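Dumping the structure here so I can ask a few things about it.
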Amino acid sequence: MEKWDSNASTSAFHVPEWMIQFADQKQEFNKRPTKIGRRSLSRSISQSSTDSYSSAASYTDSSDDETSPRDKQQKNSKGSSDFCVKNIKQAEFGRREIEIAEQEMPALMALRKRAQGEKPLAGAKIVGCTHITAQTAVLMETLGALGAQCRWAACNIYSTLNEVAAALAESGFPVFAWKGESEDDFWWCIDRCVNVEGWQPNMILDDGGDLTHWIYKKYPNMFKKIKGIVEESVTGVHRLYQLSKAGKLCVPAMNVNDSVTKQKFDNLYCCRESILDGLKRTTDMMFGGKQVVVCGYGEVGKGCCAALKAMGSIVYVTEIDPICALQACMDGFRLVKLNEVIRQVDIVITCTGNKNVVTREHLDRMKNSCIVCNMGHSNTEIDVASLRTPELTWERVRSQVDHVIWPDGKRIVLLAEGRLLNLSCSTVPTFVLSITATTQALALIELYNAPEGRYKQDVYLLPKKMDEYVASLHLPTFDAHLTELTDEQAKYLGLNKNGPFKPNYYRY
Amino acid sequence: MEKWDSNASTSAFHVPEWMIQFADQKQEFNKRPTKIGRRSLSRSISQSSTDSYSSAASYTDSSDDETSPRDKQQKNSKGSSDFCVKNIKQAEFGRREIEIAEQEMPALMALRKRAQGEKPLAGAKIVGCTHITAQTAVLMETLGALGAQCRWAACNIYSTLNEVAAALAESGFPVFAWKGESEDDFWWCIDRCVNVEGWQPNMILDDGGDLTHWIYKKYPNMFKKIKGIVEESVTGVHRLYQLSKAGKLCVPAMNVNDSVTKQKFDNLYCCRESILDGLKRTTDMMFGGKQVVVCGYGEVGKGCCAALKAMGSIVYVTEIDPICALQACMDGFRLVKLNEVIRQVDIVITCTGNKNVVTREHLDRMKNSCIVCNMGHSNTEIDVASLRTPELTWERVRSQVDHVIWPDGKRIVLLAEGRLLNLSCSTVPTFVLSITATTQALALIELYNAPEGRYKQDVYLLPKKMDEYVASLHLPTFDAHLTELTDEQAKYLGLNKNGPFKPNYYRY
Amino acid sequence: MEKWDSNASTSAFHVPEWMIQFADQKQEFNKRPTKIGRRSLSRSISQSSTDSYSSAASYTDSSDDETSPRDKQQKNSKGSSDFCVKNIKQAEFGRREIEIAEQEMPALMALRKRAQGEKPLAGAKIVGCTHITAQTAVLMETLGALGAQCRWAACNIYSTLNEVAAALAESGFPVFAWKGESEDDFWWCIDRCVNVEGWQPNMILDDGGDLTHWIYKKYPNMFKKIKGIVEESVTGVHRLYQLSKAGKLCVPAMNVNDSVTKQKFDNLYCCRESILDGLKRTTDMMFGGKQVVVCGYGEVGKGCCAALKAMGSIVYVTEIDPICALQACMDGFRLVKLNEVIRQVDIVITCTGNKNVVTREHLDRMKNSCIVCNMGHSNTEIDVASLRTPELTWERVRSQVDHVIWPDGKRIVLLAEGRLLNLSCSTVPTFVLSITATTQALALIELYNAPEGRYKQDVYLLPKKMDEYVASLHLPTFDAHLTELTDEQAKYLGLNKNGPFKPNYYRY
Amino acid sequence: MEKWDSNASTSAFHVPEWMIQFADQKQEFNKRPTKIGRRSLSRSISQSSTDSYSSAASYTDSSDDETSPRDKQQKNSKGSSDFCVKNIKQAEFGRREIEIAEQEMPALMALRKRAQGEKPLAGAKIVGCTHITAQTAVLMETLGALGAQCRWAACNIYSTLNEVAAALAESGFPVFAWKGESEDDFWWCIDRCVNVEGWQPNMILDDGGDLTHWIYKKYPNMFKKIKGIVEESVTGVHRLYQLSKAGKLCVPAMNVNDSVTKQKFDNLYCCRESILDGLKRTTDMMFGGKQVVVCGYGEVGKGCCAALKAMGSIVYVTEIDPICALQACMDGFRLVKLNEVIRQVDIVITCTGNKNVVTREHLDRMKNSCIVCNMGHSNTEIDVASLRTPELTWERVRSQVDHVIWPDGKRIVLLAEGRLLNLSCSTVPTFVLSITATTQALALIELYNAPEGRYKQDVYLLPKKMDEYVASLHLPTFDAHLTELTDEQAKYLGLNKNGPFKPNYYRY
């Protein structure tokens, strides 16, 4: 069983400031009166539950129904009202979206098929808090098919697809989520998932850690019955390691964020496509001949650079890590400091996970029409706040596209107000989400079925063999044919014919 | 300090068969009479000391001097005769090759400069056993400039550049090596390095483990003074882990084979270039439009595939590992079983590290003029032995190029008799060797200067910070400018401004 | 002066059938009663005036204003009512779109600046018939700045951007165009441009040949004053060659369709980007690992193949021309017949200019979820009509996306109903349109100012020097610095230092 | 039938200076005493007969046979002595090289097969003057198989492969050529080909125009029986146009240099590979991360840039032609003036066809170790002469590699002394030569069989249909399957089903 060496991890990542900030924010929030005032909130919703999605305004349905779902009485066709969605009548449209998604999620469908005999999640009571999309729906319905009971809330106040939520509610899933929740709604929904009479979760599937946090705060006793937590996000994983280090993690947790398939596929391959998509949808720009600087050459930066280079852009890279920097060089990119090229580039893309990578000073020096966007992390990379000064005029020219205008007429084209371009302005291919969702399902199965003692109160990486299994489930999509080792070869290599095929430190 | 988890490594790599075979070979060898018969040999030279280089015949100088260097009396211009090389008079030509190499090894030259004040290797007595090339010479002379005394033998009987050995001997290094050593010569040279009156090594730099093995066998007491072993090769590293597991490793050892810079740069970037170079030099073939199958999609396979795709070849990939297989798919290669495409491809390239990947059955089914070569490992990947049957005719058409002719006239073009193409038929860019050599130098410095207790009798990976340092020393070659974290950013990320910048499990 | 050799062209392109069909259609149309019946129509609008744009339904503004613009009384702020647009009040929004476009059309803006002194189009009265977009507006206002008077209609009943038309009308241009014109409206608008009291055009700028056709039919005497025609489209150019061959072309005409900059830039570079954009916007698919067949390896096919290969798709090509086929091979694509791969591919893209390249038989054999789209020509390449049979169900899943469902449940994803994907489902980068628009402006200037006798009643290609001039005007966008020949070098090469730099037959 | 418009060509290419220079050289040469003095020479051998190949010294066989072939008595095994080669005994080795070449020249082999029945060249008496290589041998033996009699000389004093010449002589071809001819030998060999008793050529195959020139000078009456000239080189083609313009061309000539297959394949695809090969073989450099400037973005420059970009180099381009410049921009290269980057680049590559593109001033400003080479034209592009000054030291470090050393120690690495890198330092893939050779064979067949009057005393391009035929003969190598037009499609496009498929002006 693979496990993060917490010392190693500590030496590399001391407690980051933004985690501390997060705690501060929480305090501050408590002082703020809630918008609605009906219910008290113990803390602000986390950064991850609001970042990366545009303001509600630009996403809200044109629907003129202003009634809060919490104030509506809705029943699905079977008479159940154990859910809270925008409009149960949108279920049919949502169902079609789910069916389309199913076609691109072959691995989950394969899991369903294999599970027809045995039900590896029989008895599992899973409470989940994720984005509510067609792909999540395929995951939930797969968990159901594997024997689990599920209750679900959204991990982001803007990201719920109301139609999909309706379809899930219609087919009997207790879903509590809608697009444009207030912060109060957010916690109310989560609470409705866990605070149920006669039902207590024994598994947690979280994305960002808010659900886990809520149970810790409100229902700590629940952990006695919980067999494990599966967490997907960077933020949530960090929180778990913090808990672990503080000795407060009282159940095993599975970090699916750092699985190979998620890291390499989600970040590298997905961003390779979504950078082009996001830029095109917002600006219709031509890539050929454009000068671009990409800040950061991790997996995301590598994907962005590869795509733009292939489309005929001239790409510069900035890096702080000399190893990644040397990779950028060998891949054919000039490694510069941002200041060296800031006056000449047509596009600035941040992929660092850092804060204030693009400062007001940089913005002041950019040339007219320069496009600025963030592919990295949260909304911290570009110092957008520094642009909210009186001498600059903001002009919204399209959804997700602002012109920030300097007194001399210079315009900077800011995308998604500095939030994640790929989440705000492009779609994520279902196929990539399929990889992550399958990993989540397998992690739940593993934790739920693990013999006593295999997992302690710690944070674990998915066993490599499961990573390999997830990958193998996705190969048929490409009509890809794996070679099998002969007995003789397996013996020669000292490997089991069924894997795992690589040592843990293998880098891919 | 980073260290391989030996369990993890065991679970992935049980003792491989070829290690056991190796031991058997040794036994067998002892029974064989030596060619010359003058000296007894305790064991055969290892696989790595003969593989990857062509038969002596095709490499030997046209020089008609048949006298064994061991029978010659040579002195350098300072009167020393503590060396044994082919011809000390070739020193000048060798010196020029060393000077050319220095220009592409900026990091070692920078180390020399920094070391002018302090001598971090003052007092070090290093015995080394590596390929003797211009690049090794730059390393050795750097170690000398850092304060060390060195004695050196070749790790491969064919790979010594006689002129370089002469230049080293001329400038005072006790070097014992020439191209075309016999097996007996090989061990004699090693012995001359360590078996010296009044000098005892305190550091070992090994490539393949033969030197280490010899000291274990013959002079086990020497280890009392030895502060550590630095080992570069896969084979040598495996041997060290074996020793460690058997509880027989009595000094700390540094595994530089698995450092990031070596893995990613040596394998990926170097093979991306050398596959093209090796194929061109041997066959003058055109890449455009050719159908190629690459067996194995590790770093080497990735490099080969990227290069050939870029040159207009149509590339198929075979894999046993579903994760690498999925990467191949996402990178745009059809994943097939070898049998599916063996009849149609123009080139077969093995990069698996496995044995008998290309069998006689495959060879029988290839089309006329198909080129077969090995970029992976040793000489096991192609079952060359199966081609040595009476019905097939071998025709050597050029150095390193054989036509194997079937009764019906079909010809297979076999390169380097199935040994490593990139070592046999192309050159390795100095710049890549610079990365490895710098890593070796730093590993020696680290082990030599480490405070008591930092390293135990175990095998260690280079600390990440040193990996980063090696990379940073190579950036100026590309006029690459690294960005520095601000204090605020470092705090936000929880990082030290000087690195290390990534957790140990980061995959690059 | 360059000129098509009409014999050469004839031998290659005999009168194509679709031109004859077109004439037939015209006859047939005359028998059809017009929808509105108010005005008589001499002929149907041409193929090009309706193809490539989606059905009005999916594009029409949500505006509920159903009144025909022809029935409205509108005045711009200066009191003029010599225009007919959807809604003059949308002028401000349109102006902003024009301003954004200006930033990506540097060459036209440079022309405006240079023309401040002299007015090379002073006295020109240009009647135009093109798509009415922000980019056209920049062209029109440039022509105005150069001294011309313009009157304008739309060349396509669906493509007018109403807001832009309003902005042009507001700033004084007599524009007659709106999105969703009827066929009757179409001709009425054209007529309003030319049939004006006290104003007679002396230049024609046409896109598709409908305007030219109308003047031939209705006002043949007008040609006495007309100095030339500038035509952009394949269709329009073919019509002109037909006229020329029939001896009926009575003024010089400039074929800008076959200028290098248009052919290479519009087709190759633009399609390289728009294929990705079009597929993403309609299907959100992932490109990595997908198997794609591209029918036709001309400039458009080359662009599509390069982009998809770069994004990790596996691309097959079909071709009829062995030279283009050999290029495909050398560029690394398997050249196949469509039948060989039709069962296995995930996407089929047509770029041939031909008809029925994808037949019902092919469609029957495609696998479930296969995406089918057309990047080539008109709507003929995919036999969409063959899919309108009772056993197949059509389901519109998104705008421009239909699922065609076979009785066994298999779904084919048909994009834009087989019309041009890049026009229907993606946007064309302004920068590319800038190249074409600049070429048009220069062609108008050349024809208007040419000394008597330079051009006869024939079809001409733009002089190479002008092609080069257009290119040079676009270089500053890329901060690109051209090298100048020294006198000595120019003499050596036998070239004028200012170009033209290549012989006419140069292929680029 | 396609024909160059000589006016068009004149307007673009006035008589270039180097042609005039050439004539001057000739005069000058006549005054020089010949080295040997035995025979008088009417003029110097042309530029093309000496450029692009390294000095004889570095290529000459190690063979110590210093006797001139002209002074030897040799007979082949059939007793014939109508040839003059270095050593008839090398025939067997040459035959093997020819057989290897045959495998990569499928089109010629196909022609041989088709010609078994009819002999389209029966009665043809072809005198040829080309490089004598294995590929030429395959061409000659094909011409023989088609019914022709051939006599052959070399077009370059250094390029003959003696073994191949021997093999041809052995199988009965009167060949007069060896490596390292003197200028006198050169003309003597040509004369031996044409000045034969009882045999008079009726076809000429020339490469550079020297053979044609010799016949014009010495045996003008021979042209009465000559049916045509096929010329391959830029130089030779220019000479033919000169003759034509001067009214002195007395037979039809076919320009195969400007055929599509030669231009696009020889230049683009071949240079894409040979730039890498040439740099590696001479310098063993690593491409990744290197900064390169490529002067000229024609087909050769495009090939070089594409290859180096793919290998991870950072590539800058210089251009004089704005259209090619814009292509460079769209392909992702920074367009600069040489001066802008000369201080920072690691490699300078010229591909312009111009002279003094790299001047002494540039060379003075390059950084240490900068590599300079020429892929373009002749040996004029780099001002090598300017480096032959006393303050600079030349050091030959390898064959074809000179270090030019500045007083301050800076070294420039000059490859092939500024001659063509791809000819001097790499091999040309047989497959590319196959395309050219097939084109030559077809041109000979066409001219020989053309009905009276089809060709006049002018210079012609190969009919497009033949270009297409050459391409189609090479498709089977790639197992490529061409699609055939249906009758309906052919009618729709106005094309013959068998081609030609494109108008003459099509750019590919």
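The first chain written gets the first letter, and so on, giving A, B, C and D; residue counts start at 1 in each chain.
FYI, a residue touches a chain if its C-beta (ideal position, glycine included) is under 8 Å from a C-beta of that chain, and two chains touch if they have at least 3 such contacts.
Because the structure is a prediction, the values reported are computed rather than measured.
Listed options B-D, A-C or B-C contain a single repeat of the A-D interface, assigned here to B-C, on the basis that more than half of the contact pairs agree by residue number.
Where subunit A touches subunit B, the two copies mostly use the same residue numbers: shared numbers make up over half of all numbers in play. Taking C-D and B-C together, the pair of chains sharing more C-beta contacts is C-D.
Taking each chain's centre as the mean of its CA atoms, C is the chain most distant from subunit B. Rounded to a whole number, the gap between the C-alpha centres of subunit C and subunit D is 42 angstrom.
Distance between subunit B and subunit C, defined via averaged C-alpha coordinates, is recorded as 59 Å. Shared interface positions of subunit C, i.e. residues touching 2 or more other chains, are given as 269, 288-289, 311-312, 329-330, 334, 478, 480.
Of all residues in subunit B, those touching subunit D in their complex are 96, 100, 103-104, 269-270, 272-273, 276-277, 280-281, 284-291, 307, 310-312, 344, 368-369, 397, 426-432, 477-480. The residues of subunit D lying in touch with subunit A in their complex are 288-289, 309, 311-314, 329-334. Residues 2, 4-5, 8-9, 11-18, 258, 260-261, 263-265, 269, 318-330, 334-338, 340, 353-357, 380, 464, 467-469, 471-472, 474-475, 478, 480-486, 488-489, 491-495, 499-505, 507-508 of subunit B are the ones that touch subunit A when the two sit in their complex.
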